[in-house]
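Each of the next two complexes has chain A plus one more chain, namely chain B in the first and chain C in the second.
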Partner chain A sequence: MHIELRDIRKTFGDVRANDGISLAFEPGRIYGLLGENGAGKSTLMKILAGYQPADSGRILLNGQPAHFATPADALRRGVGMVYQDPLDFPPFTVLENYLLGRDRAVNLDFRQAAAELRAILDRYGFAVDMDAAIGSLSLGERQQLELVRLLAGGAQALILDEPTTGISASQKDALFATMRRMAAEEGKSIILVSHKLEEIQELCGHAFVLRKGQLVGETALPCPNRALVEMMFGQVPERTPRPPAAVEQPLLEISGLGVRTQRLTVGDINLSIRRGEVFGLAGLEGSGQALLMKAVAGLLPAASGRIALDGLDITHLDYHQTRAAGVAYVAAGRLEEGLIAGLSLTEHILLAAPRRDQTFFIRWGAARETTSGRIALCEVVGVPDSTAEQLSGGNQQRMLYAMLNEGLRLILLDQPTRGLDVRSADYIWELLYARRREGTAILFYSPDLDEIIERSDRIAVFSGGVMSRIVEAARTTADELGHLIGGQQ
Partner chain B sequence: MKVVPLLKRIWPLMPVLASLAFILALLLIFGADPATAFQALWQGAFGSRDRLLGTLAFWIPLALCAIGLMLTFTAGLWNIGVEGQLILGSIGASWVALNLKGQPAWVLIPLELLAAMAAGALWAALSALLKTRGKVHEIFSGLALTNLAIILTNYLISGPWQPPEGGSFRGTQPFQEAALLPRLFDSRFSPLSLVLMSIALVIVAVLLGNTTWGLKLKALGRNSRSAFLLGVSSEREAVIAMMACGALAGLGGAVRVLSWFDSLRQSISGGIGFLALLVVMLSAYRMFWVPFVAFFFSAVLQGSITLQLRTQLHSSLGGILTGVLVLLTLLFGDYNHLRRLRKESRPDE
Partner chain C sequence: MNDTLLVRILASIALQAAPLMIAVTGETLTERAGVVNLSLDGKMLMAAMTGFVVAYTTGSLILGFLAAALVGALFALIVAFGSITLKHNQVAIGFVLTLLGADLSAFLGQNFTRLPGPSVGKFAVPYLKDLPVLGPIFFNQNAIFYFAILLVAAAWWWLFRTQPGLHLRGAGERPEAAFARGASVTRLRYLYTVLGGALVGVAGASYSLGIKIGWSEGHTAGLGWIALAIVIFGGWSPARGALGAVVFGATKSLATVFQQNVQGVSVVAFNTLPWLLMIGVLLLVSSDWVARVANLLPPRLRGGFLRLVQVTPPRALGVEFGQE
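Let's look at the complex of A and B:
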């Protein structure tokens, strides 16, 4: 299907998310849509997928103008989109989820649906248990199911928004192979939204680059990375050099720690983190890194062992007590865990302040001033009275850092730069390095091995609840970590 | 495009117009003259000094409960048990009135009010602790505790507190004059209760708008997970919010026994607790509107008593009017909110 977008415009308040974008997609080809955070990629694709209307501009499918009121509308015309967070129904089984919205009869025909679903799964080489509950699947598998739903709905054009965030390397390879086949054999148009240059280079034949809501360039791929980066940012951003290594003084000492949840048991963790150290945790999502961080934060009880911070036993402190002891925990979810929709940025800063700084009556003037300073420092695009949900995803992430208080001893970060582009991520790390110079230690998990190697002093890898030996970041490679993730020592 | 701002402006009036149309249709079906009916309603609420004072007297406890509910609704708690908390307040005040004999009013009244607030707060604390410690949703514990409060009232009236001439299931004997709130012109309206209600209104408005505690409640109500991660203790704040609401409802209960009636009666609450829930919803959870909406409810309900006398229509017409209005308001919702639901989206990364 030939898709053409003509002069698409969309504003959110004062922000011109799409400022007159015109481009075209041919059938049977794979396109990359690149741009930094807030460049307007997701907005443009959501317009094309019927998720939101444009303020003005036209969508032409095979030369015919199209108007989509809903995503279902768009799918009927052959345009489907896989979102960053799957829009499935966790309590359902795979088969039930497939039937949802497809079969409107009172008496559902499970047998026929199972046959249909099996045929699609086989055709694209997806291995998913049809009776498994959606909630028990990995993000990669849920993504495959989203694809299946769109394909079954007759999608001729597929949009994938950051599809490789949070999935394993082998799932990524399988996904890319499927996309190549769909383009080559079935003539589907595929659009990959990403800010990971390597992936775009690997998969796509053509790239469009957006900046500040406008189309600033397009090129055939592969091409030098440098050319893409220049188009994305206007200039090539300098990476901050990593400040010198940590001071030799133990801060966090974990001995024989065990954590149990219904899904996973983590046993016998021994770890000593030094003052001012950046310690990276690698591994597939759900391998135990998050449990370790939650146990340290006091969000999960330790089943065994001891956790000491600066000599103080914090093993049995609850989350709020641990927080008072100078430990900050930044969760991966933004509007789910950390920010509160409907509350202003000032109100967030007030809530996050340490208890001793909280006064009975709120001094709004002073609070707004503090907030202005904090959001300026963390480059949050917004004003103190903006509400959390008015911020774009990247700005929400930066807001989480603006809420970190002074004088912290330990910062725990779950996917610190999730969804941020290179420059924003670099800036966040600059802020974190500044903390580290004050002696704050940082313990973080990231699904991105390159980020872990580049940012950490030392690294531990988790695989199925077991922590590997500790490796020096300066002397390891993504390849070595990959082996450790696979459970090889 | 000019239609949208206009629609936005008149949107809050839509449910009012729609429910008036509904009542109009109802009146026509039953063959009543709408003009007479609405006139009777107005007369009943404001037609004479006594009627106006009656409307005011009914308004006070309703507003007190609604003000208390602003705290729990803000914290995301469905304090359905406010009805029971009001009844417990009545019982608390009655206990002091019946047991402290021969004391002057300036001793009795403060003690009665304190006992009422303590009893209401205690009843609410039960709901709150069942929620935080026992994982029992406050809606269910609230309903159960309200029923228990009604049973307790009936037991007291027919048992330990029955009048000397024998239990009649109707009420206790009238309290001593010194125990009752001073009332205006022999009516049921006590100016002191209006003063107390105004103080409560200002305190709660300030708490919600200008204190760290109010901000914590707001955070809890909107996203308890994030609020917890930001350092808000959900258990502590929920218990305090529930108890504060219970205390205000209890104060409302004291006003019911000490000025509306003069004794503890069988249906002492008059459904005011449940009405207060509707008041807060119709006020769109905005403090500013709460006293006005409560007053409107009181006027309609008082007015419909006269409506029955004049037009032979049952007085529940007032109840129908307020009920339909709340339903339609919830149905139409906030225009901006509806728009947001339609286009839940932001400029994204």
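Let's look at the complex of A and C:
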């Protein structure tokens, strides 16, 4: 299907999210849509997918003007989108979630739907328990299910807004292979929004670059990364190297730790993390890394073992007590666990303040000032009175860092740069390195092996709830980690 | 054997529970779409009054029920308009309407108090009524009872086995996602608020035309509030809600039995029994105790166990939806 966007405009208040964008997508090709956080990529794609109307401009499908009242409307015309945060129904089962909006028949045919779903899942090499509740799946699995739903709905053009977040390397390869096949054999147009330049280079034949709501460049791929980055930011940003770690005394000591949840049991973790150390946890999403961090943060009870921070036993402290002891936890689900939709940025900063700084009567003037300072430091595009859901995905991520207090001893990060553009990701690490110089230890999980190797001092790999031996980041490769993830010691 | 005291008590429990089942089902449908309609008790009073007065003056039960359904729907429409279109607080609107319903029904019905009037009769199902024990309890019942049972079954089927039911639950769970799948959230919410209101209206009329026949001020004795509690107790499922209604009715008659047979304890104390039970269960099913118990079970059984006992309210219950 030939898709053309003509002079699309969309403003939110004073923000010109899309400022006159015109571009075209040919059938059978894969496109990359690039741009820094807040450039307007998601806005443009939501307009194309019928999720929100443009203020002005036109959409042409095969030369015919199209008006989409809803995303379901767009899907009937062959345009489907996987959203940045999967739009699904957490308490529903996988099957119910798949069936909602699937067709117009009154009676639900669970058996047929199960067969259909299983066939598509198998075709793309995805494995999902169909009786599980959506809420118990990882973000990656939920994205896959969204994709599968669109394919079943007959999408001719597929938009994927940062889809590779949280899926394994092998799943990603399978996904890319199918995307290639769908473009080449089935003539589908595919648009991939991503901040991972390597992925764009690997998969896409053509890239469009947005900046501040305008199309600032396009190029055939592959091309040098530098060229893309320059288009995105107007200049090539510096990359902050990891400052060397001084060998310090241990800060966090974990011995024989076990954590149990309904889905996964993590057993016998032994780990010692030094002051000022950056420790990376690798592995597939949902292999136990998040459980380990949640147990340390006091968000999950430890089933066995002992956790000590600076000699203090924190095994049985709850979240508020570990917070008071200087532990901070930054969750992966931005709007689910980290931020509160509907509350202003100032209110977020107030809530995150340590208890000793909290006063009964709120001094709004001072609070706004603090907030301005914090969001300026973390380069959040927004004002103290913006609400959390108004921020673009990347800016929500930065907001999580703006909420971190001073004088922390340990920061636990679940996917710290999820959805950030390269410059923002680098900036976040610069902020984290500054913390590290004060002696704060950093324990983080990232699905991106390159990020883990580049940013950590030492690394442990998780596979199905089991932690591997610990490797030095300087002496390992993505390949070696890949083997460990596969369970080969 | 079919005429023992126990059988008669059980049959009466089943009948007493019927209006409650209807009201609970109506409110469950409304809340599943994401709207809390707190005007339930006021609606029920208004409907009980209207149903009786219309049936009394026209001599037609059908007209009485229709009028009651209309009144319930009208009250619900006010809640829907205020909360969905004007985006006012659902709780506040519903609450004020409850107070209004109580006083308005007392005022409008003052000339009709304590009059003998028409009532819904028994209907015996051929053959089945002769079954031992089950026959008199379930198949030689008031027509209202059959309606309640059929309604509960239909609502359960609609919610959990049909595409429109999936849309309905989606609208209450995550409206923006339901919208993305093609549901018209605003229309759904209007529809099920009004439908739920109409059912509560029918429940009110069932009471004044089938259980405690006639009209007096405050006739339904707080049944609307009980229904609201049972919606939660029932985990927003019509089947569990019906069970809740029966359990409530049973503890109520148990209290009556105790009152007659146990000496030395204040009679009023027994009336608290159903409430204590309900609070106890609510505290248990909505706490993380359920998860702890589940973790003791073998993994295979955990999911099913949780689905059975855990209650989670629709996530967008009371949350307004506005599309860009």
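Going forward, the second predicted complex is superposed on the first by the 427 of 489 C-alpha atoms of A that agree within 3 Å, B and C clash if a C-alpha of one lies under 4 Å from a C-alpha of the other, contacts with A are read in each partner's own complex, and residues count from 1 in each chain.
Please note the rule applied: a residue touches a chain if its C-beta (ideal position, glycine included) is under 8 Å from a C-beta of that chain, and two chains touch if they have at least 3 such contacts.
None of the values given here were measured: they were computed from a predicted structure.
*Asks:* Looking at A:Tyr51 after the superposition, I want to know if it touches chain B, chain C, both of them or none. Which is it: first, second, both, neither?
*Replies:* both
*Asks:* State whether chain B or chain C is in contact with more residues of chain A in the superposed arrangement.
*Replies:* Touching more of chain A: B.
*Asks:* After superposition on the shared chain, which partner residues are touched by A:Ala24: those of chain B (first), chain C (second), both, or neither?
*Replies:* Once the two structures are laid over each other on A, A:Ala24 reaches no partner at all.
*Asks:* Is A:Pro90 touching the first partner chain B, the second partner chain C, both, or neither of them?
*Replies:* It touches chain C, and chain B stays clear.
*Asks:* Does the superposition put A:Cys223 against chain B (first), chain C (second), both, or neither?
*Replies:* A:Cys223 contacts neither chain B nor chain C.
*Asks:* For A:Ala72, using the defined touch cut-off, is the partner it touches chain B, chain C, both, or neither? Pick first, second, both or neither.
*Replies:* second
*Asks:* With the two structures laid over each other on chain A, which partner does A:Gly394 touch: chain B (first), chain C (second), both, or neither?
*Replies:* In the superposition, A:Gly394 contacts chain B only.
*Asks:* Indicate the residue numbers of chain A shared between its chain B interface and its chain C interface, in ascending order.
*Replies:* In the superposed arrangement, which is not itself an observed complex, chain A uses residues 51-53 for both chain B and chain C.
*Asks:* Please name which positions on chain C make contact with chain A in the complex.
*Replies:* 161-164, 166-167, 169-170, 173-174, 176-183, 291, 294-295, 299, 302-303, 306, 312, 315, 323-324
*Asks:* Give the list of chain A residues in touch with chain B in this complex.
*Replies:* 12, 15, 17, 37-43, 46, 51-53, 319-320, 323, 329, 331, 335-343, 347-348, 350-352, 355, 358-362, 364, 389-394, 403, 419-421
*Asks:* If you look only at chain B, which of its residues touch chain A in the complex?
*Replies:* Result: residues 210-213, 215-216, 218-219, 222-223, 225-233, 343, 345-349 of chain B touch chain A.
*Asks:* Could you list, by residue number, the parts of chain A that touch chain C in their complex?
*Replies:* Against chain C, the touching part of chain A is residues 51-53, 70-73, 75, 83, 87-92, 96, 99-108, 131-133, 260, 262.
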